[in-house]
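Think of it as A, B, C, D and E in the order they're written, each chain with its own count starting at 1.
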């Protein structure tokens, strides 16, 4: 298996505050990697740095062997990345337009085809395709964000908490959909707190205070004390 | 103990630009009770909270709090009566510090809040001087809750505070909410995470497409076919 | 009576369409970059003086002012954009800071025009745009007005097509809607914004070519007024929508002309009263979309 | 442990006292009192605008409307009713507050929509007051003349007092819970309501205060000028200057608008007096340069170093 | 007292803004005068019994009254100028009036002719060049009356300058029982006359009078031309003052047969007893200004200069009151390039009435300014109604 994304001692922060301290990470082609970590551990910051929304203050990021550290987000996304942010949509644009932007680089016909697939997955969006995204409920926005990221057809997709705020019926559906995506050879890096996502993952990393504390396969993570402590809040005593 | 309901919604309806968001919503809440409000995305849960807290006005129906109709009151007047809420999408005062966020609410509500205790509760003690803008989304949500607590509410409306938290953190929040309820604060908790709700309450209302389709215990809900298709999906 | 009414309406439509063009560049720049371009009117005047210079010094038809405006916009716009806008965007409150910066810029442009051309009014020959009249509903208006309205419609429709039918335009609207999310979607925000900035300036300059025809003359110092009227028009039509601006222009043009026919001394009130009334009834402007706040 | 009232107000009282001293004694050193008077006028206007914009986020593009209203109220009361000047001046802020109440619904708008609607409102006032049909009531385009009460010394002294007054008001906004509430509203009005802040009422209060300050400044300006045309007190330039000065100094603070107005207005005159031929050009270049190198206003020189500016 | 080495004359001009064109024209006229007297060694000041050079101290007020206020004050209090000359027009003059009174400085006012300034007696104001705008249209009214033109349309700007003229006209018409068939005030910033012209045409006036500022007149005449409408008699103010500029801006075609106030140097005063006569002035001006033709406001600036010089040459003491008295004393005795100089006791200019002229096309394509009223200045007959086409 070849590495698609290599993260090498990445450092990042906001103003005077450093958040990431030498993070190392690898995502292989077609692999799904889960990013775990408590509130404020730095998951969002890492994802934003990888996609270029946050300047990288040290270390290097490589996509398919090519150094992308110095590139802006647009150039990285053109090279095959996509990012689903925690909350963002284009509020004054319609849902259809939001989706179209997700497939920014694709042809119209291709975008239309992908959009139809998204509408099937999320009928709520189909119903409101002409409404402004800013009128959606919290969960509907999440669906839109997810659909938008999937629209990209990128080979390396970063997702920041795709299931938070979704009703169980949709969580199930999202997981099913992602399984389909994974089958298509796409690599996923998902920051997520819902345990149900573990079933998707090949491997995972646990972040702690801006550092990579633990990494390993799903099985290794499931049995790791540190993960249990951080994640399930158990095992601290035993 | 047939105490009067602290909150009662009667035939409440709301629409936006022709889109019917809520239809004929009726329910009551007893003092000290925790009510779970669940439903698929876009079913109108946040809208219910918006109507109770006064962010929006209902088109029809009445909302009674402590026996008085409140649906025409401004939001801040309702806050003074003892209603407060958190927001699903965090809305704190981002140009202020964590502490100031809470102080403002305490001051204007005239409530003599124990600010250090609140900071402790919401897990931000030690960060009181940090600008709210530097908090993560989840921390901002907690700050929102802190702001609500600082006004000394009798009824607290909690909108998806658990979203994006891991099981450990969820347990912590559930404990916090239980502690708050134990002080006699009634609560409506909107949540999708059933294990979490289960820790808090047994009574839930299920909304679907703006209508109440179920009212009863959480356990019964998960066996109600309508609820299962609308909310849990096949794999409940 | 009826002839007067018809005349006012036809005239108002033409005048209004032209003012749609005057305002539309401001809309684009304001919508995308959240920049309050207080120098907008000065850019319009620059277009007017450009056309004047072409026609007096080089003996060319003033319509050559249109490509000149485009060229000038590229030459001035790109360096100006990269010199000031990214810096502004990084600041705490770009919208407000732009206010000062572009106030300064307006002063500079005004001063340069004054030093270069003197304070006098400058006009262009009617003959250059036909010199005759064209009638609609039996109401004759000078050729120049029709040309101006025609160019305005083409430009605004062109802009509308650009925004709705092209990828760059689509990206432009995305930036208007949410700049951060535009970055996260892979849009080259700075490049797309710079293009929008240049297009905005080009449209302003293009409008300027016709100012001597519709307003009798251009002179340094009339920019303020154009900026103010443009702001009113674009808010009437709502931010970010060129068709809205066209509509705002029409409302302004027809309103002004009707007022002029019946209560001439109050006709200045028209854009402002319309603006206040419309915005109080529809706080997002005529064409805007409302977004929830909780 | 609440700070005492005086402790919180101390910086403001000191600032006000310094301003009073500076402007009180300046005429003995530099007797172009018109310039000093105008500088004070702009300090007051910049600060008045700051009360609204710096604390509520509402940028009143048409701020000059209140200024002009105050000036006209005073002038007309002297001309038509022969009121004593003190009374006529007191009517200035009252008139502008009445206008502010009428314009109250504009506060439902936000951002650019508010700014430009407010600009429109000020233009409406200007056009109505300066209209030839209004000649019998306002003097219309022929302006007003109250040189019978002309008194440059007394009006100067009154303006010094207004500078002091507005500094103290700004101090209150900056240091009180009221001001903190306003800032909260500016960040998020919905959350502010949920913090028991009566958003509409407080916003209106800030609006009225800001309007009254401009109205009073207009009244004193009218007294000091005594002969003027409508555009002298309604020209948009006054709004633009007040905004540019306030922003340049740094809004949301007490010192910002004072320093911004003092500095930029002094520069404006220095250039006008020393280089009249290239006045506009130099002033424009200077402003652009300042913004590019000090994008957060003058006070950012301090805040950048972590110094909390009053 | 000791004689100063220079006489400092303070003034303001507008480098930009509404008044820039006229203001700079006036300033150039004053500079022109100063250069000439200095070339001759200065002005003769009677109080010191010798010639002293003059020095102009000038600032740019950008057409802003608030800036003008501080700059007038700067001239008086900091530069301590010996004489203050107001900037162009009533608006920029207005703020100087109370300041002059306060500092007991005489304000030499070339063009601020608002009637309001001269209501009360003052020792500190003298309108030296332009008669109060309220009296400008008197000859026009008389001429219309003489021609038996009864149906009259008026369009005027909402400002002091145009409004007071419209008021005078209407008052004069009222005396002979005429009410205008079309009477509209328009905003000063009005640049779009198309619709107005149409409404005016609908009222079928025998004469249409447009009173505006220069940009208004340009826009008005251009609209009139391109509208294809025709009126038998059209009057506007500025072609008579800035003929060259207007010809360039609106074209000769649009100006033909229109009427205006022909201001000096367009009407010529040959017999003057102070300064140059019109032809001399035009020639001298052309020489120092690359052949450019002097306009009315240039002449106004120059005129202010020579009157000041004369006052300095007569006043027994170099004090503001004596200079004021001298200016009043010269009233009625002097004719300059602008015509008769006559001051009211309050300082308003009463002489220098402006006649009425028509621009008549000549065979060679040029436009000739033909004075048609009053009889004393008449150089030809009016062509009325104006031929169409």
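Criterion: a residue touches a chain if its C-beta (ideal position, glycine included) is under 8 Å from a C-beta of that chain, and two chains touch if they have at least 3 such contacts.
Going by UniProt, the chains are A, B = ABC transporter ATP-binding protein; C = Amino acid/amide ABC transporter membrane protein 1, HAAT family; D = Amino acid/amide ABC transporter membrane protein 2, HAAT family.
Fair warning: this is a prediction, and the values are worked out from it, not measured in the lab.
Any chain touching chain A that also touches chain D appears here: B, C. Contact with both chain D and chain E is made by C. Of all chains, the one whose CA centroid is most distant from that of chain C is B. The most distant chain from chain A, with centres taken as the mean of CA atoms, is E. In this assembly, the C-alpha centroid of chain A lies 42 Å from the C-alpha centroid of chain C. Taking each chain's centre as the mean of its C-alpha atoms, chain B lies 75 Å from chain E. Chain B and chain D have Cα centroids separated by 43 Å. Between chain B and chain C the centroid-to-centroid distance comes to 48 Å (mean Cα coordinates, whole Å).
In chain D, the residues that reach two or more other chains under the touch definition are 127, 131-133, 190, 279-280. For chain C, the set of residues touching two or more other chains reads 110-111, 114, 265, 268, 290, 292-294.
Shared interface positions of chain A, i.e. residues touching 2 or more other chains, are given as 135. Inter-chain contacts, as defined above, occur between A-B, A-C, B-C, B-D, C-D, C-E, D-E. Contact residues of chain E toward chain C in the complex are 14-18, 20-21, 24, 63, 155, 158, 184-187, 189-192, 194-196, 198-199, 202, 214-216, 218-223, 225-228, 245, 248-251. Chain contact summary for the complex, chain D toward chain B: residues 177, 180-181, 183-184, 186-188, 190-200. Chain C meets chain A in the complex at residues 167, 170-171, 173-174, 176-178, 180-189, 191, 240, 288-292.
Residues of chain A that touch chain C in their complex: 51, 53, 72-78, 81-83, 85, 88-93, 97, 100-102, 104-105, 132, 134-135, 148, 152. Those residues of chain D whose C-beta lies close enough to touch chain C in the complex are 59, 105-106, 108-113, 116-117, 119-121, 123-124, 127-128, 131-133, 189-190, 236, 240, 243-244, 247-248, 251, 278-281, 283-288, 290-292, 295-296.
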